[in-house]
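Chain naming follows the written order as A, B, C and D, and within any one chain the residues start at number 1.
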Amino acid sequence: MADANWEPRIVAIFCNWCTYTAADMAGVSRMKYAANMRIVRVMCSGRFDPQFALDAFAQGADGVLIGGCHPGDCHYSEGNYKALRRIRMLKRMLVDMGIAPDRFRLEWISASEGDKVKLVMNDMVAKVRALGPLSLPEKLKEFDVEVALEQASVR
Amino acid sequence: MKYSYFPGCSLKGTGRAYEESLLPVFKALGVDMTELDDWNCCGATAYMSVDEVKAAALAGRNLALAEKAGGDLMAPCAACYLVLMKTQKRLEEYPAVRGEVGHALGQVGLSYEGKVKVRHPLDILVNDIGVEVISKKVVKPLKGLKVAPYYGCQIVRPYATFDNQENPQTMDKLLRAVGAEVVDYPMKTKCCGGSLTGTLPEVGVSLVHGLLREASRRGADVISTVCPLCQFNLDCFQDRVSSNYEKSAMPVVYITQLLGLALGLPMKELGLHRGVVSVEPILAQRELLHV
Amino acid sequence: MKKIVQTIKYEGDLDKGFKSWIEGIPGGEKLHSCIQCGTCSAVCPVSLYMDLTPRRLIDLSREGFRDEVLSSLTLWLCTSCYACTVECPRQIKVTEILYTLKRRAIQERVYPRGVPVPVLARYFYAMVRGTGRMSEMWLVSLVFMRTNILKALGMATLGINLLRTGRMPLKPDLIRDRAGLRKLLDSVQSGKKVAVS
Amino acid sequence: MSDAKGNGAMRIGVYVCHCGTNIAGKVDVAEVAKYAGTLPGVVLSRDYKYMCSDPGQELIKKDIAEQKLNRIVIASCSPLLHEHTFRGAAEKGGLNPYLVQMVNIREQDAWVTEDRGAATTKAKDLVRAAVRRLPFHQPLEKKHVPVNPAVLVVGGGIAGIHSALTLAAAGKKVYLVEREPTIGGKMAQFDKTFPTLDCAACILTPKMSAVRSHPNITLWTMSDVVKVDGFVGDYKVTVNRRARYVKEELCVGCSECIAACVYKDAKFPDEFNMGLGKRKPIYLPFPQSTPLVAVIDPATCIEFKTGKCKKTCVEACADRKAIDFQMKDEMKEIAVGTVILSTGFKPFDPKNTPNFGYGKFKNVYTALEVERLVNASGPTGGEVIMRDGKEPKSVGIIHCVGSRDEKTNRWCSRVCCMYSLKLAHLLKEHTGAEIYNFYIDMRTPGKAYDEFYGKLLDEGVHFIRGKVAEVTDCTLRPDEEGKLVIRAEDTLAGFVRRIPVDMVVLATGLEGQADAQDVRRLFNISCSAEGFFLERHPKLAPVSTFTDGVFIAGACQGPKDIPDTVAQAGAAAAEVLALIDAGHVELEPNTASIIEEECSGCKSCVALCSYNAISFIADKKKAWINEVLCKGCGTCVAACPSGSIRQNLFEDAEIFSEIEGVLSRG
């Protein structure tokens, strides 16, 4: 189903203090990694709302990556723990919805770990590439059509 | 504990005494050693010098055989140990080499998954059997025997992980466990010259001299080795050392020979007569001879 | 009077691809990262006999002095004790790089005359291919017959000693599946083409 | 029609920065600008060489005025670097600064992407997201919080001392906390300092006593910071003052207690002299210790071990009664507005480089040990008498011990070349010995540094370019007997050399403090894996951290010599003063607030807040957020089941539209 020049699209939601800074450091160190990530900055991973991930998938993302400070290192002392709880819950939910675990990932990356950003980015892009496109929007369309037909046939 | 045993060419030739003492010692310690069936030469250093992938295939055959046989693979010869370890590293680090070798092995109905653990006797003696167990089995402690522990290069460098690369300790521990007196021997990991004694004797013999000299200066009665080539070089070229440098008559034995002695195994089973420089006089002097 | 020779090196005479060729072969990857600290030379037990110390060999290799490197005695003095590899602050696998250079030297037959090591290596290679095993003494003496008959005589006392102590097997040992081994080795397409993928 | 509040129809201006070739080299900036022009609401889009330059900022102001822009997108470097710059420009142009959105196409695109096409696509996606986001931006006002003028300085080495004195001189209250019994740090242990060779004590001790006597400085030695709460302008810090067993306010440092101690001779290794000298259980670290107050080491004091000591020290102290065996640790809580961390470094432990024989051969020394050995107030009174009682006739100094090596530390420790030269000079001066320096590269950048190298060459010190392989007592020739033989390649001569010497000095490198990671957590800043604190920007914010109000100075940020350390200490003090004198700090207005009518009063947010900023108004049955306490993490926003909490700059609508923006590719 994936056409030859399909490229995975991954939305990354990074906390301002650790992971976003690490991503900057990766740049300052001129590390090269896959260009498939689109980073959205929030102040703390604690701001992560499961809706963000669901919306991203619904809008055509093939993967979602959350990045926060290591446990114990949160700039706001424990926002990342709060995030962790939601993310665990969401992960289970996504699996039930038939979205492969590799499409949704949480990583603790501290401000000094530019190299880890590179590793995670490349690794996740590779894994998602292997899974192929999620193309949820298309699926949802088909779904709507079916529903419509259903209703039609009922009448 | 079950191990496959990879003698290597030397232990069948110039290094016979190593095998002759090694097997009884492990038997006495209740370890089952079965010689790897139809093993071939590891390739040593020379094969690498001609064709690296063929070298990997040559060693690969042994690894494949060992994997089939099951259990860890014990390689007492430093060169064999190194080559087998190195081949494993290459196969896992370099897909190209892995592919080549895998293909070649396939041609003769063999395959290698990378499961074999290559082990050196020192590693097994200290980490699997344990120094305590061995010291309990000692019947003739080597009281008063001053031993210079000589590890040589290739068992600690560069791949071995069972001992410290700068200052290895496993042999020291074993010697103490059997009651010997370990002399501080800073040359313990210096090179014996390898095949240079044969190919460029003037160079090789000078290295041998350095090792012998330091051992006697530190008051050693004997040098204890774990490698057939080390033993060969240090033992067989002392006439040259004497003529080129200074008089030298330092017995050079295998650790397994000393262990066997301490475990009370019959002398003749330990190949103690095979030293060019005989070890018997000093053993007699220290009253360690027995039948 | 000492002979006067011109020692200037012209860029055009260098092999520009030499560095990348070495780095393309397993173990050579880090050649470029050398800081010329000399640790390799200083830990080397035989560097005091070398025409080029390992450090210089590394530098010349990376700069493309192919001929100087391949014809160097250094390659044949290396005992593979791996001290350089272990101690290198840049973790350059010096020993492996030397193996790469030895192979090239043997292939191009540019090793220095009178050094038996390459001959030994070739004999060894052939012998193992044939019998699956090797008998050191047999091989060594054979090599000296070929390269230096006097040295071989010089080895006599050693031979006698080994006979006396029953350590000199007179006939080489054999493995059973010699045909299989030969097949195995021959189905490897020669190593020199294989590089890191 | 638009106004400063940015109301009315969207009139978005997009600016794509080339950053010279930094961005333009990988991203087709013209293409991105062209594309941006096609996006809804965008009335103007340009690409420009350097947006952060004055002309660049002028351009923005001009366009706001002429084009009536009411939203602005700047696609350039990281907002962490220049957000304030561009918000400032907008503000000067008469637009509310929070109607600006930055797009990071340098650090997170141009610099990390191989393929030009991919980089350009990525830039477009990110710009589109920003354009989508902006309509939801509201004009906001900055928050102002007062700054407590008191300052906490952690670490009493030369960095901490200099910062403390600078701040005190400016009339600010300073708490200087040091964990050792005296301030002075490593510098106090040095003999002379390069390249001027003025004696460390002569230039340091006056500053130490100035600290002690300054009315604005509260000096707490033997103390550790154990807890830090609050935020820039208003930190609450808990300090544990460990028991010294001698009352600071009563002791005059007369040392009579020490003389009187039941131990007639000092027999315990003394820390200040690197164990080369001995001290008693009650002791002064060194003659100029500050504070000049005795200290008792309970680990060696008989009274503490048996309780059966004659306590001759107490007798000697007589009616001063300064000695108190009952003294307990004491917790102090202080309120400060800003913090300077100057916790220094740890010398590399040469036991990790066994080849050099440290700990095996008694005449192998570390550089710091030699500093004490040549020091007039050192254990040998300045005579270079080695552990074997002899004076060296030849000395080998090994550079880069533990530095520039993948097996230990990869970095260059920056000071070793210079201090090795200094020690070479001092040792030659004291003993006239032959001195051999073994170096990899001689690194002497700095005012009058290379001239100093020249001076050492003049003095006839040997310089051998080669990393030492080993120090051994295995001798090969008569002239090596009884000596330590250094084996190294003389890489310039091209030979391996064996050099017999009497004494070996190891120029050990600099490492981060062992507890750097704990300190980092305590103050909520970042720290590299190597154990050095991370500055906010390597060039433009070298003493700032990612936590406002916390600054770093000296070797805790990276290996550094004394001049650089003092410069940083001054810089940190200046940054602190800027905050204090402004009187207040401007905080990002990214705080959260409750939409009362939608709040269901479920209280789930209340417990979530780490800053107790959320309270529940019982009579209204609604939650309420105290914006002064709110730090703007947004955790409560994400958690609110009824979606009735909003966060400035990170509204749900803003984030959703940004997510949809990066994905909705034309």
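Just so it is clear, contacts are C-beta pairs under 8 Å (C-beta built on N, C-alpha and C of every residue); 3 or more make two chains touch, one makes a residue touch a chain.
It should be emphasised that the depicted structure is a prediction, and the values quoted were computed from it without experimental measurement.
Sorting all chain pairs by how many C-beta pairs they have in contact places B-C at the top. Work out the mean CA point of chain C and of chain D, and you get 50 Å between them. Centroids of chain A and chain D (each the mean of its C-alpha atoms) stand 34 Å apart. Residue positions of chain B with contacts to 2 or more other chains are absent. Within chain C, not a single residue touches two or more of the remaining chains. Residue numbers of chain D whose C-beta contacts span two or more other chains: 355. Those chain pairs judged to touch are A-D, B-C, B-D, C-D.
Taken in their complex, chain A has these residues touching chain D: 9, 11, 16-18, 20-21, 23-28, 30-33, 35, 38-44, 46-49, 51-52, 55-56, 59-61, 72-73, 75-79, 82-83, 86, 110-113, 118. On the side of chain C, the complex with chain B involves touching residues 25-26, 45-46, 49, 76-77, 79-83, 85-86, 95, 99-100, 102-103, 106, 115-118, 120-122, 124-125, 128, 132-137, 140, 143, 151, 154-155, 157-158, 161-162, 164-169, 173, 175-177, 180-181, 183-185, 187-192, 194-197. Every residue of chain D that touches chain C in the complex is listed here, in rising order: 355, 404-407, 440-441, 465-470, 487-491, 494-496. Across the complex, chain C is touched by residues 9-10, 12-17, 38-41, 43-55, 57-58, 61, 82, 90, 93-97, 100-101, 103-105, 107-108, 110, 153-154, 157-158, 165, 190-191, 193-196, 198-201, 203, 207, 232, 236-237, 239, 273-276 of chain B. For chain D in complex with chain A, the residues that touch the partner chain are 78-81, 104, 106-115, 118-119, 121-122, 125-126, 129, 521, 524, 526-529, 534, 538, 546-547, 590, 608, 610-611, 631-635, 637-639, 647, 650, 652, 655-656, 658-660, 662-664.
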